[in-house]
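The following pair of complexes shares a single chain, chain A, combined with chain B in the former and chain C in the latter.
Take a look at the complex of A and B:
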């Protein structure tokens, strides 16, 4: 087994653009659920919308980079309103049902063959990120240190992806220490109490839904910059990975989503490396490499179970807060 | 049902002569007009399936006074609170607060207009600290806007002001030691206090308290009664639901009695207890059921004691003695 390679790959996941995308999506979900108490089980849909709005703007309309990004913003804001207007006045569980359902609807819509010339149906879309790499200011070549040696374009997408993650984290920090943050946290605790104090709860829930959704949509854009858009990526599994990441890091914590995403991807990479290595050297002869790929996720599920049993507040969560569980 | 409404229609007229009172415009009785009402409600009904929880023909709450709303369990007091404050929708009815119609207005707007309520089942915001709970009550905060929230300089001063105010109130309610604790760590009685203090942070003109003293220890109750009287002297109107007749007699200027959704009696506290409609309300609602023995005695006993005390004409002594026994 090539331990150097296994560890190197795992370390690479720490700063990979995919990790950044998942972290950003989890930051959005953390605004929804962690801070405001909105049960959004369709974060994958926001990522899908960001990805498709960006790719379609470029491929179908020939839009420049900034217009494509704005399109991703606008589409997710619109989607948040469509989800929120009918449901945010109702009890919390309605939003959960509507978000699950609409995420699946979105996935089927982009997969349908009658939209093939726009969405590419099951094949998805590719070759839309030229505009992003064109503005790469980094010098050509491969550079870096240790396991972190990448080409200029690979560095560029990492820099931008993590830059956005840090900006989003700063934004969440500024908001959650403010009176605005106090209101949304209070909404999480008891909506009626907040109404009784003269706050427009519906409006705050909508603002939180839009804000977290925009982060989800941007995450969708970062996610596809180094790869193609594949509708199969946006299943319910994606939403549950984002939930796993948020709970792993600790709901309603500032750095929880980032650390959660890093741990999630490093562990997936390590288990894959080790399992493949064991199959290679013949120790694990009874499973194939594709089965090993599935076993990784079984292990993730197991880890999540252990987490909620032994550290339910997540890594950064405050045990004291959780002891009055709601 | 029908004999209740008939006894309600002729309040004190049968036994005593027609009562008058400075707060009232005309004769005293259920649904009587006030000289200076802050709330006027008309034809408010609310049905839950076949059950009519609230059926109020006309009621007025006097301004600048402390009004008690009493009645047996299930009389519809909380439901009436919910309707007036926009937390529930009536089947029929209109009402106005300070001359402004509030029927169909959403709960947060009712609160903003100056009519603020607390809940019988306390709603403390558990994973916020006691101080944060209080600060939430302050109105028109600049930092509650999503964009201004980002710039601390815009709301820092205001935050300091409301923090000072919150700390004063917390001290009044003996919660200052707890201000940095999570509200979820408070005891049941402390949560009642917090909710009341938080409602006061909104600077209400009418504060509606649903059983504010349930679970608060008698010593603190005494001092809180003082605070409620202070609210009155600051010009606030108070409407509270309470089962404890000492408290009702001690601080209220006016008492409204509900039973089976209707207003069955009204009057100053010392008079209303003698009203046959009140005894009927407490006894009549349950007296032929088993439950009557369990949830009947306290108010009925109190009503009778009050009447007895009247006759003996040593009302004040009695009340003080009783207050001490309780403590």
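Take a look at the complex of A and C:
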């Protein structure tokens, strides 16, 4: 087994743009669930909307980069309103079912063959990130150290992705120590008490939903910059992975989503490397490489179950701040 | 306590693995031997030309194909090839073959004259009678015109409506079997069980293992699958949910646990049976024609059986002591316990019932649309839509909700593209929650 390669790949996941995208989506979900107590099981839909709004503005309307990013913002805000108006008054578990249903509706809509001209149906969309790489200020060439050697474009998407993650974290930090953050956390703890104090709970929930959704759509944009848009990526599994990441790091914590995303991807990469290695050297000869990939997802599911049962506050979380209140 | 639960977890997983691995291993080898397709419509094709050098060492460029109906070639069907100033019409020979030599590479239009097709043979739905082909990298191209039995006679709107209504009822009844499990579990324990879809898949896989792999009679295979489904439901409760209830795990927490369980089970299934769809070739696909309707024996049996089983469940819930106790626990668990009902026992019975009903739904889904590792998960949201529509926690609501969802899914294809039919049911779910959040039969107190 080539341990150098396995560990190198795993280390690469630490700063990969995919990890950044998942971290950002988890930061958004953390605003929804961790701080406000909203059971949003449709975070994949926000990522889908960000990704498609960005790609469609570039491909269909020939929009420049900044317009495409604004389109992703606008689309996710609109979706948050459409989602929130009927559902935010419902009890937590209804909200979960409705959000997961809306996410699936969005996925069905972008996959339908009747919209092939716009969404590319099951094939998705590609070749939309030229504008992003055109403004890359880094000089051509490959640089880095150890396992982190990338081309200028690869560094560019990593720098931007993680830059946005850090800005989002800073924003969450500032918001949550502001009066707004205190009200939102109070909504999580006791909605009726907040209402009794004269606050409009519905409006605060909506603001939180919009903010977390905008982070989700930005995550969708970062996610697709190094790859094509594939509708199959936005299934319910994506939402569940983001939940796992958030719960792993710790809900209602500042750095939980980032650390959670890093651990999630490093562990996935390590298990894949080790399983493939064991198959290569003939120790696990009775399973195929695709089965090895499936074992990883069995482990994800198990991790989610064990985490929620034995350490629902995750790595950094405070059990008192956890809002499994129903 | 923590150690014991961990132990319990290890054991449930080993049970899952043992159950599926022990039957999954022969599955991998047997599935390869099974016939690749039971499709009665035969795709006629010469093998796709392998990439040849582009230099024309032969000067013939051919466009060819076979037109078949079932396994028989269809004779004297006219095919016209035109383009690049070239136009030629040929007829198929006795084997259904046709070949046109064209002068040069380029783009040609191949058109099939539908009026020359014999009665009862037509192009398969959605196939164009005219196709553009390009001869560029190769010297020959084969063009396919898949045929099927002429299904276009049923284009009248009334008949379409009738067909969709029957299909919707069928789907709704199957959904109801699985959804009643969800709603009973929610009613008695408050848990939204996201792993219910995997109970459906479990039944389907078991019926495939016993009915197809081991070649048992489908009736026996169904009974075995339902019994194993009941055991599976019992194990779910005994190994995971009962310890979690003892531990005082919150409901939302438990819901996330069920999501984790659903991921684990789904990938355990995939690990064992692989990603390909398994065909349930058990000889129940004989067509039955009633007026404009073309149904299979399997559809009729599954609709009949669903009705009977649903009536039995209704009788159980309203007339038997245990059924009444179940409804009492759903209503108010503490009060039920105070009046001498063993709540844990009722919950156990509910899980067993849910497991058995879901497995039965799984078997029927398998007969209706074959077996795949994530078939249950694909309809999970339909089940949730059904129980939410009917009112979470009410068994009869689940039945009504399921039939509404089933009808809506099928009827929506009259106006919407078929690949949006599930989306339309989910839109209805959201609209109903806007107007009547407690569902059709639900009570106001159930919403927050």
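Quick note on the criterion: the second predicted complex is superposed on the first by the 313 of 326 C-alpha atoms of A that agree within 3 Å, B and C clash if a C-alpha of one lies under 4 Å from a C-alpha of the other, contacts with A are read in each partner's own complex, and residues count from 1 in each chain.
The definition used in the following text is that a residue touches a chain if its C-beta (ideal position, glycine included) is under 8 Å from a C-beta of that chain, and two chains touch if they have at least 3 such contacts.
Values in this document were obtained by computation on a predicted structure and should not be read as measured data.
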When chain B and chain C are modelled together on chain A, clash or fit: fit
Which superposed partner A:297 touches (first chain B, second chain C, both, neither): second
Chain C versus chain B, contacts on chain A by residue: C
Touched partner set for A:113, first chain B, second chain C, both or neither: second
Touching partner for A:199 - first (chain B), second (chain C), both, neither: first
Partner chain in contact with A:190 - chain B first, chain C second, else both or neither: first
Partner chain(s) touched by A:76 [first = chain B, second = chain C, both, neither]: neither
Contacts of A:207 with chain B and chain C, given as first, second, both or neither: first
First, second, both or neither for A:175, with chain B first and chain C second: first
Touching partner for A:40 - first (chain B), second (chain C), both, neither: neither
Three-chain overlay, closest Cα atoms of chain B and chain C, distance in Å: 10
Overlap of chain C and chain B interfaces on chain A (superposed complexes): 324, 326
Of chain A, residues touching chain B in the complex: 171, 174-175, 177-183, 185-186, 188-190, 192-201, 207, 211, 320-321, 324, 326
Residues on chain B engaged by chain A in the complex (per definition of touch): 85, 87, 106-109, 111-112, 116-119, 123-128, 132-133, 135-137, 139, 141-146, 149-150, 152, 155, 159, 182, 184-185, 195, 198-199, 201-202
Residue ranges of chain C in contact with chain A within the complex: 2, 5-6, 9, 13, 192, 244, 247, 249-253, 255-257, 259-268, 270-271, 275, 377, 381, 384-385, 388, 392, 417, 419-420, 422-423, 426-427, 429-430, 433-434, 437, 446-448
List of chain A residues in touch with chain C within their complex: 39, 86-87, 89-94, 96-98, 100-102, 104-105, 108-109, 111-114, 236-237, 240, 243, 247, 287, 290-291, 294-295, 297-298, 300-306, 308-310, 312, 324-326
